[in-house]
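First chain A sits with chain B, and in the next complex the same chain sits with chain C.
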Partner chain A sequence: MTNWNLYSRGDKFFAIVVSVLIGMFTVATLYPFIYIAAVSFSSGFAAQAGKVVLTPIDMTVEAYKYILVDPEFWISYRNTFIYTIGGTAVSMLFIIPAAYALSRPQLMGRRFFNLFIAFTMWFNAGLIPFYLNMRDLNLLDSMFGIILAFAINAFNIILLRNFFEAIPQSFEEAARMDGANDFQVLWKVFIPLSKPAIATITLFCIVARWNGFFWAMVLLQSQEKIPLQVFLRHTIAKLSDDDEFAITQLDAAYSAETVTAAIIVCSIIPVLLVYPWIQKYFEKGILLGGVKE
Partner chain B sequence: MSTATDKQPLPARRPKRSLKDRTTWLSDHIRNEWRLYLMLLPTIIWFIVFLYKPMYGLQIAFKDYSIFKGVAKSPWIGWEHFQALFSNDQFLRAVSNTIKISALNLLFGFPAPIILALMFNEVLHAGYKRAAQTIVYLPHFISSVIIAGIVITAFSPSVGIVNTVLGWFGFDSVYFLTKPEWFRPIFVGTGIWQEAGFGSIVFLAAIAGVNPSLYESAVVDGASRWQMMWKITLPSILPTIIIMLIIRIGNIMEVSFELIILLYQPATYETADVVNTFVFRQGLQSGQYDFAAAAGLFNAVVAFVLVMFANTLSRRYSRTSLW
Partner chain C sequence: MSSVTLSDVEKYYGPLRVVHGINLEIESQEFVVLVGPSGCGKSTTLRMIAGLEEISAGTVAVDEKVMNRVAPKDRDVAMVFQNYALYPHLKVFENIAFGLRIRKEPKEHIDKTVREVSEILGLTPYLDRRPAELSGGQRQRVAMGRAIVRHPKVFLFDEPLSNLDAQLRTQMRAEIKRLHKRLGVTSVYVTHDQVEAMTLADRIVVMNDGNIEQVGTPMELFTNPANQFVAGFIGSPPMNQFEGTVSANADGLFASVGNASIALPEVNNVQHGQAVIVGIRPEHISIHPVDGLPSIPIALDLVEPLGSEALLHASIDNQPLIIKAETHGDIEHLNSVSELYAPTDLIKVFDKDTGAVINSHPTGRIAS
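Let's look at the complex of A and B:
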């Protein structure tokens, strides 16, 4: 079916046109990243004059120096690691046992519990009641609050529950014969059998935590608790509002834009490093939770 | 999103006879299965504390809420906030903007991943296809703050590449992000750039599931690739397309407001302000919690009705509920 030699001339033409269009879309996807990287390594003056198109102009690392000596940058970077690792660990501690329990037919009230969890995907109290609740719980400006309050999402539980349900009964029965209880069945049978599903959900959590911005911005006030994304937001807002910065730095080696670009590059790098791994599991994951017959 | 629940083995039998039998059965059951309930308990408590308790707090939409009195003790005022909302031009504008932005997303953002998947399916060189896929999935994993940073830089009047290119053709520099007429095209375009690639995965999976014998017989009949795409591939993935469309319709009220908060400014509120950004400003920035909660409740109820409607539709269409 995909033998080039069997293609008619029209088919060859079609295949070439499609490949070119795909190439164009790919370049269009990639270009903004290349452009930002180029801006980050350009001099403030060249960037300000709109000279940067593809490669750095007046190559310099001044923008990186500006950002890398800022202790707040490093604190926020550290915080993002804490939120990502701590948050993901807490999420898994909740999600895995709950998904297991919900997947067992002998659980009484299973339909009710499933509905209880799924209902939150369809109806959400919204920003204000959630915020006031966090305030009542004394979890404003709390790192623990951020980790705990966003630990679970109904979709992930349902995803893993479906996966557990698809594991054949015989595996569990064999373990039961050997006298295993539910904790042991989960730990020794279900978790090893569900590595791809668990890896997928772990990655969902990691990406959500790494990118999490809105609630961290709303809930955290202390500078020493904010994650990288909020720091980035503050810096972009500060630099673009600060006219003086732009004018006084016009002839300087860096400008508001090159510094912004440098921070963007710094926060994308870790994502790029784990991306091959992410991609491997996400494709599986989206199909796991995707539309089934 | 599946019906796996219905296919499971029978649940444990519960005797329907005397009360005594049932009590014995129950205590046996708990004695044998307490571990299951223990595993579920933390999650149930979490849902109550973080998701159901705020639903109880939603009553402030009908109250004159005071921080000092708290949710329960603030006095009821009925529908006053809702009356104020529906005579508030900004709120009505936000509702209309939400619908307009969603409509644009549906019109341009929905077909994009389908077209992309159909094109990927026609690329012959496996390595080229793989590389292109790897790249187009990437923006999905980038945070909205970075996406906004890229958009702000690219569209900036001095530095921005967009204005640089316009300059080559003799156009004057435009400060796009302050122009209300440019907000929606930029927002929807950014969405396509970020999500079209990743969105194509679902359709590519559907294409992979098409029966190969259909193509084989089409080849025997001398059909071209172009004809096969229209007459075999597209009709075969139509069920997936319809399900995804239904999901989108169910999510009309869910515009990605994080990105809007990062990109809009007072100059563009006119076209950019959606219900959730309105709630954010009125509630979290101006402290009118009760009024903003009413706007949020309106949004949540409309969204709930839409999702229920979408699920009914999909059940009727495919005998598969979305969850």
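Let's look at the complex of A and C:
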């Protein structure tokens, strides 16, 4: 129990303000999830009429039935998994060695390379040149193209580089004395010591890939290659344009809103399942006890 | 077993020269301690032997094979780091086995060797623990285990005890000495602690400002310091040093320090009126009259009891000095000390300009 007698009035006021702000932030973060879940389980009519606030109205799973029997939903779901797993794996394959190399003081031209990488964070060619570039590389409408084009992220490289730089140099030196080469130093020492940072960056990559929408929409034309987010957009467009759907919506068990919400819920579930697994790495560092500072 | 030879070794960081062309021959099985103040280049020298620093000029050879262009992993040297550098994600067993696994030694051999080394270092009960679950002394032992397990030609120690508390340091010091006796591996040990240097070394290398000031056995350095720096660095407390002027009379040479007159040993190459530095160790000074020695008046400032001995902080002509005196279980009698007697044959005379010793001390006698 907190003994409030030990705190000054200023401290108490600060604690109250912080608690209120955190409470507001929690509600603002959590409410959209609850709302979307509630809509997805509500009837199309209730959702259309704006009756859903916190809990499902006229509870039904019709929206889920609608999407789960659609083979395109499952294809896009599979594609999203491919883009997420493949993309994250390829990203980490590039990011980790790049961050390690850039963190080593002995790298020739290190300053230039760091500047070069950081430069891409602030400046890029823009939409049209990027599109033309992808076209000229024959990477339009290509699943591999989507994975490769966004494999390297300067921010993540810099984040991991900073983490690597903070690892005491004596670890690397000890490993070298023990006979390790650069790859072994990275693989056997730096990566295990950087699990929290790597977990964070992995999660960034997973979330970015999972939610990737814009470039997938621009670069992919084939229906069998689109990810879930683009399928979601197609579905919204289709349902909105569907006259029959519009006519029956007053007594419909599902509507554009509920189906959209159901797809969103389905798309959130895998991220929610992955997060707790990565969460443990965020909680504490691993360097404790290895070196005496 | 292996020798280590440093020939005209220099180290530059940009335009800054931190090691000034040092030469050193370390014999097989020898335990050599590099000692000196912070920034004197001792750790840099050790790291050049390890291959962790490039050698700007000169050569480092192990068993007469020049190592300048050989990677650390191929030098067959092992190093114990000041901050342990244990891999925190690995258990003690894996920490010790790391180098063997990297070298793809057979599993049975790794298991056998790690267990042998753990036995030697008393680490067997801790093999399943992670570094964070060990005490400072145990971690240091693991760090040594990691070095020993590969049976290297040379051990390098970079201030391995400086993070331990005083009691543990004394204990670990003895363990390192025992280990060296048992394994007989050529060892180079860096420290800024002259007590560590004195107790561990077969030979001590005193470094200052990137240069070697003197190389010798601990007792050689103690009794025959080559210059003021070594005299002031070796010994605890260090040698007292006073500025004085040489004068001579029928009884011999004297140094005038203010109103006091200190009898000097026979020195050929000093002149009447020459300014010199007179050095005398705290433990060589007597506070009781000694036949044939003139008394030297002092102003006593402070008495620090250490148990069987006490340190008397005093001054001669406003130049500070420390006397180490026996207490015989009581320090009251020390509070009234007003004069001292300096045995002539234990006095060192240094050139005031160069700091070099003028009289060497062939016998190395120490006052009883």
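In this text, the second predicted complex is superposed on the first by the 234 of 293 C-alpha atoms of A that agree within 3 Å, B and C clash if a C-alpha of one lies under 4 Å from a C-alpha of the other, contacts with A are read in each partner's own complex, and residues count from 1 in each chain.
Following the convention adopted for this analysis, contacts are C-beta pairs under 8 Å (C-beta built on N, C-alpha and C of every residue); 3 or more make two chains touch, one makes a residue touch a chain.
Because the structure is predicted, anything quoted here is derived from the model rather than measured.
By the touch criterion defined above, A:171 lies against chain C but remains apart from chain B after alignment on the C-alpha atoms of chain A.
Look at A:189: by the touch rule set out above, it reaches chain C but stays clear of chain B.
When the two complexes are overlaid on their common chain A, residue A:61 makes contact with neither chain B nor chain C. Contacts of A:181 after superposition: both chain B and chain C are touched. Of the two partner chains placed around the shared chain by superposition, chain B is the only one that A:23 touches, whereas chain C remains out of contact. Comparing chain C and chain B on the residues of chain A they touch gives the larger count to B.
In the overlay built on the shared chain, the residue A:75 is in contact with neither chain B nor chain C.
Judged by the document's definition of touching, chain A residues 181, 286-287, 289-293 lie at the interface with chain B and also at the interface with chain C. Within the complex formed with chain C, the residues of chain A that make contact are 168, 170-171, 173-181, 184, 188-189, 192-193, 195, 286-293. Those residues of chain A lying in contact with chain B across their complex are 1-2, 4, 6-8, 10-11, 14-15, 18-19, 21-23, 25-26, 28-30, 32-33, 35-36, 39, 47-53, 93-95, 97-98, 100-102, 104-108, 110-111, 113-114, 116-118, 120-133, 136-137, 148-149, 151-152, 157-158, 162, 165-166, 169, 181-183, 186, 207, 210-214, 218, 229-230, 232-233, 236, 240, 255, 257, 260-261, 263-264, 267-268, 271, 275, 278-279, 282-283, 286-287, 289-293.
Residues of chain B touching chain A in their complex: 1-5, 8-12, 29, 33, 35-37, 39-40, 42-44, 46-47, 49-55, 57-58, 60, 70-71, 116, 119-120, 122-125, 128-129, 131-132, 134-139, 141-146, 148-150, 152-154, 156, 158-161, 163-164, 167, 193, 196-198, 201-202, 205, 212, 215-216, 219, 224-226, 240, 243-244, 258, 261-262, 276, 279-280, 283-284, 289, 292-293, 296-297, 299-300, 303-304, 307-308, 320, 323. Within the complex formed with chain A, the residues of chain C that make contact are 50-52, 71-73, 77-79, 81-90, 98-99, 102-103, 130-134, 136, 139, 146, 150, 163.
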